[in-house]
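Structure record follows, encoded as structure tokens.
Chain naming follows the written order as A, B, C, D and E, and within any one chain the residues start at number 1.
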Amino acid sequence: MDIATILGVISAFGLVWIAIFMGGGIQLFINIPALMIVVGGTLGATMINYPLRDVFGVFKVVKKALFARNTSVAELIKRFMAFAQKSRKEGILALEVELKEVNDEFLKKGVQLAIDGLEPQEINDILETEVEFVRSRHQLGAEIFSTMGTFSPALGMIGTLIGLVQMLQTMDDPSRVGPAMAIALLTTFYGSIIANIVCLPISGKLRTRSREEVLTKEMAIQGIVSLSNGDNPRILEQKLQAFIPPNQRESS
Amino acid sequence: MDIATILGVISAFGLVWIAIFMGGGIQLFINIPALMIVVGGTLGATMINYPLRDVFGVFKVVKKALFARNTSVAELIKRFMAFAQKSRKEGILALEVELKEVNDEFLKKGVQLAIDGLEPQEINDILETEVEFVRSRHQLGAEIFSTMGTFSPALGMIGTLIGLVQMLQTMDDPSRVGPAMAIALLTTFYGSIIANIVCLPISGKLRTRSREEVLTKEMAIQGIVSLSNGDNPRILEQKLQAFIPPNQRESS
Amino acid sequence: MDIATILGVISAFGLVWIAIFMGGGIQLFINIPALMIVVGGTLGATMINYPLRDVFGVFKVVKKALFARNTSVAELIKRFMAFAQKSRKEGILALEVELKEVNDEFLKKGVQLAIDGLEPQEINDILETEVEFVRSRHQLGAEIFSTMGTFSPALGMIGTLIGLVQMLQTMDDPSRVGPAMAIALLTTFYGSIIANIVCLPISGKLRTRSREEVLTKEMAIQGIVSLSNGDNPRILEQKLQAFIPPNQRESS
Amino acid sequence: MDIATILGVISAFGLVWIAIFMGGGIQLFINIPALMIVVGGTLGATMINYPLRDVFGVFKVVKKALFARNTSVAELIKRFMAFAQKSRKEGILALEVELKEVNDEFLKKGVQLAIDGLEPQEINDILETEVEFVRSRHQLGAEIFSTMGTFSPALGMIGTLIGLVQMLQTMDDPSRVGPAMAIALLTTFYGSIIANIVCLPISGKLRTRSREEVLTKEMAIQGIVSLSNGDNPRILEQKLQAFIPPNQRESS
Amino acid sequence: MDIATILGVISAFGLVWIAIFMGGGIQLFINIPALMIVVGGTLGATMINYPLRDVFGVFKVVKKALFARNTSVAELIKRFMAFAQKSRKEGILALEVELKEVNDEFLKKGVQLAIDGLEPQEINDILETEVEFVRSRHQLGAEIFSTMGTFSPALGMIGTLIGLVQMLQTMDDPSRVGPAMAIALLTTFYGSIIANIVCLPISGKLRTRSREEVLTKEMAIQGIVSLSNGDNPRILEQKLQAFIPPNQRESS
């Protein structure tokens, strides 16, 4: 789990937590029916909206986005430089041994295609198709979370309306108006928290991660195609460095 | 009706229902004039917005989106493999017998065109036109539902304003203020429910379904054109598998 | 006036009307200064926004969109079939007689151009330019109405703020608070009604109508160009039917 | 100043004025600190957002958009017809005399380029660049006003929050609650007025004016290029009339 | 720091400050827990949304956007004219001496590439890649600030809801309701201020600055490519002046 997410979760939830404790304790803010309306209603509306498979699949996408370590681009360049030098000296078939140490399935598959002798253009097409599916999977995940971030405040408001109607219809004892209204407001509170501290930031995270991962994969494709073309290692390095912001480049 | 929609409807409506019952009973939330303003007003505004034919047609589109079983893509590939093998051995005319077992009208029409000996390009053009109409019909459906999801909270607010104005003008008996305000809020409640648990999720569902159905139809077109070209069954399989995410592919 | 609009207006306004009557009578909801602020302010803001000519021109566009009977596409195909057969037998000049019975100015002009012997490409260019102006006129109309639908709730809120400020400053007699607030809310009520039952649905209607009319005109252009090319009537029919959804086609 | 703007300003501001007077007098609605927060805060946020030069430049753009008389297209066509006839008879150099009577700087520069004997393509490129700058200047103006129209209601709400916090903290005398709240609401009122009667309509006006002015300039470019090509006056007329809606054309 | 930003900050914050002081003093508006929820929560949600590196990097981008003096375009043209004249007389290698006085890293690198004898097309590609990274860095910065401007009012509302729930549950002493509500409103106040006077205007500033800087860099690329081509100084001047609005041009 990357450090930004940890810090973000701590500061966002932690501060809300502290504010709640300073004002008199967490028990005022726990109301199971209110939570059920917001969470259940939001999930319900989302499940009407998207196929079940996609709604559940989104959690896998999130887990991967939060925990998977992205291949470092500097490492990737180094690896390709090594591949290119070995391939130049001993022929591309010699890479077969190296592949055993590669964990990245995408990279492994791509280099294997180069070893198998497919045309560079074919390799490019096959890998681009995979990248396209990765991108659309991420995009669907981001879209599902922003949909949930749209439904949850709406469900929160629906819950508050339910509470208000019930309170107003039975308003005989004025001393009970305050607490009843407080409970009615809890669904709006839950809806806002779920939207703004959970769903929308995660949706943004998936979008950011997707951009990064797709860029790394595009670099890998460029490298594999270069290997398959038998490019000179220095030219390969230059081609890969074009993917990195100038101030992060380090020449070898 | 697919399982996600059932689960979604149960969890969304069920939880709202439970919350209402726990707070004192459903009769507080039933108000026929309020329901009439929101439902009638929303349908009215929608009927000014779209031709009558489209507004009524949308229910057929929804029914189909919720209940029609989509052709499974794995099944579709298998079927095309069988077609291709038979066509290779016994000629494309032999497919005429197979067609009797096909329920999918689109597939039937397309293969018939191939049997009739039209050029692959012509077949492609004719079928793409049909897909275009399917897509625009779905899109219109999704658009009508999201329009309704925009009008219904607005009508809910109009109803609440009517209730508030009436209440405020005749506010002589303070004990009646609460119940009158509760009733005024009901239209806002109805408007939110209709928008967020009915119209907007269904609009999303139509969009999702459309994407799926169009993809399946595009696969079918690719398969039919391949048949018409007399492609080798293995090549046909590869062409069709390009439409499936890599992790769902199964080679035969 | 098409039936959907009539039904829409009746159900939307009718239900609001009923709700108002059930709650004590229409006189609570009539307030001339409030109506003046909302209607006048909305028109004012719109007139600052658009040239006077366009604001007034929009009413003509609306009238036409609501009342003009669209040429039926089936009828249009039949007419072109007849034209094509006559033109084949007696030459294109023979169509001059037929034109006298044509009411549609656009169709008349187009066929006249074909009779006059212009090149098909020239005819196409001239007519497409006219369609482009029709489309941009409709689009401007839809835009003006959605602008009004944005300004009217804002003006409604401004009116309510005026009422609230006046009420709050002179709040010596508590019994007058209720009615004064009711009147203040009326501008918000008017603003919502004007936006959601009048302006936004009409804006949508203009967009829908525009799509239909442009499609019919595109069909007519295709037909006229076909006539000018001397196409076989059956080919002309097929070309025109490509504009109709498959399930609405009827072969002759 | 065009008549639509005058009418719009009168009806929008006039009606708000009348509503205020009918309710007890303008002095309730004047509050200098409230006005300072909204106007100053909006200008401040806008000046952080845009360079000073652009913020001040926008007033010149608005003045021009409201007061400058647009060249009438009919007049423009007549002028070009005269130019073309003279140029045909006496050569293009004869236009130098005519130019002295032309006020439109853009037209003057363009025709001068044609007299100087530049290639039509070069003339077109130079003038299109100028039009591009005119368009982007207008667009920036429209964007600045719509930014102000977004900030002013937000600043209005900030002012109201300040007023509410102050009122609530010192709520010992109930009779002062009403007037204090009225004053707090004034900033929201100012913010809404500034956004919806001033900034947003002006932003729309700049966009509309820009479309018109660019169209007129495009017509002029077409005419100048035609002159430079030595086109026949009738052909030039036809080319220019393609810019006018069919129902406004008048053949000469 | 440019003068518009200073003026903007003074007028926006200053006026809010004055309004607060006129109403009774700043101490009513200071509430550390409220500030912690809004600032911490907004930063938290932003850190979940974006990688830590990007969130911290954005401050560098802002500092540069506010304080860095943009190269004046007039100066840039003059410099390129001098370069071009020297290069014409003494050869492009003579520019090496001039480069020592150039502070702009981008310009320095570009001219060095020309001195090194790379092809104009290669120079263009290398520099365009750098500009592309500058642009995407600015765009990311603007996006992060507008994300913060979306989260901060939401967090403000969450804080207000926390305050309201606490107040309503313990509403035994009516005299404490006012101050408690005032404190609850403070988070909404902070959220609005942070969004509308800090985050959104800065986001806009970054976008404006980016446009300017990219334009200047595009001019520099054009100039360097021209140098490398050995263009005549006058032609180079004309090419560069095409980037400036006509009314700001000064011929040399």
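Criterion: a contact is a pair of C-beta atoms (placed from the backbone, for glycine too) under 8 Å apart; a residue touches a chain by one contact, two chains touch by 3 or more.
Since the model is a prediction, treat every value here as computed from it, not as a measurement.
**Q** Using the contact definition given at the top, which chains are in touch with both chain B and chain D?
**A** Common neighbours, chain B/chain D: C.
**Q** Suppose a student superposes the Cα atoms of chain C on chain E; what rotation angle should they report, nearest 5 degrees?
**A** 145
**Q** Taking the mean of the CA coordinates per chain, how far is chain B from chain C in Å?
**A** 27
**Q** Between chain B and chain E, tell me the centre distance in angstrom, where each centre is the average of that chain's C-alpha atoms.
**A** From the centre of chain B to the centre of chain E is 44 Å.
**Q** Record each chain of the ring in the order reached, setting off from chain C and passing chain D first.
**A** C, D, E, A, B
**Q** Flag every residue of chain A that touches chain E in the complex, lowest number first.
**A** Residues of chain A touching chain E: 2-5, 7-16, 18-20, 22-24, 28-29, 178-179, 181-182, 185-186, 188-189, 192-193, 195-197, 200-202, 204-205, 208, 212, 242, 245-246.
**Q** For a test of understanding, state which residues of chain A touch chain B in their complex under the given definition.
**A** Chain A residues touching chain B: 33-34, 36-37, 40-41, 43-55, 129-130, 133, 137, 147, 150-151, 154-155, 157-159, 161-171.
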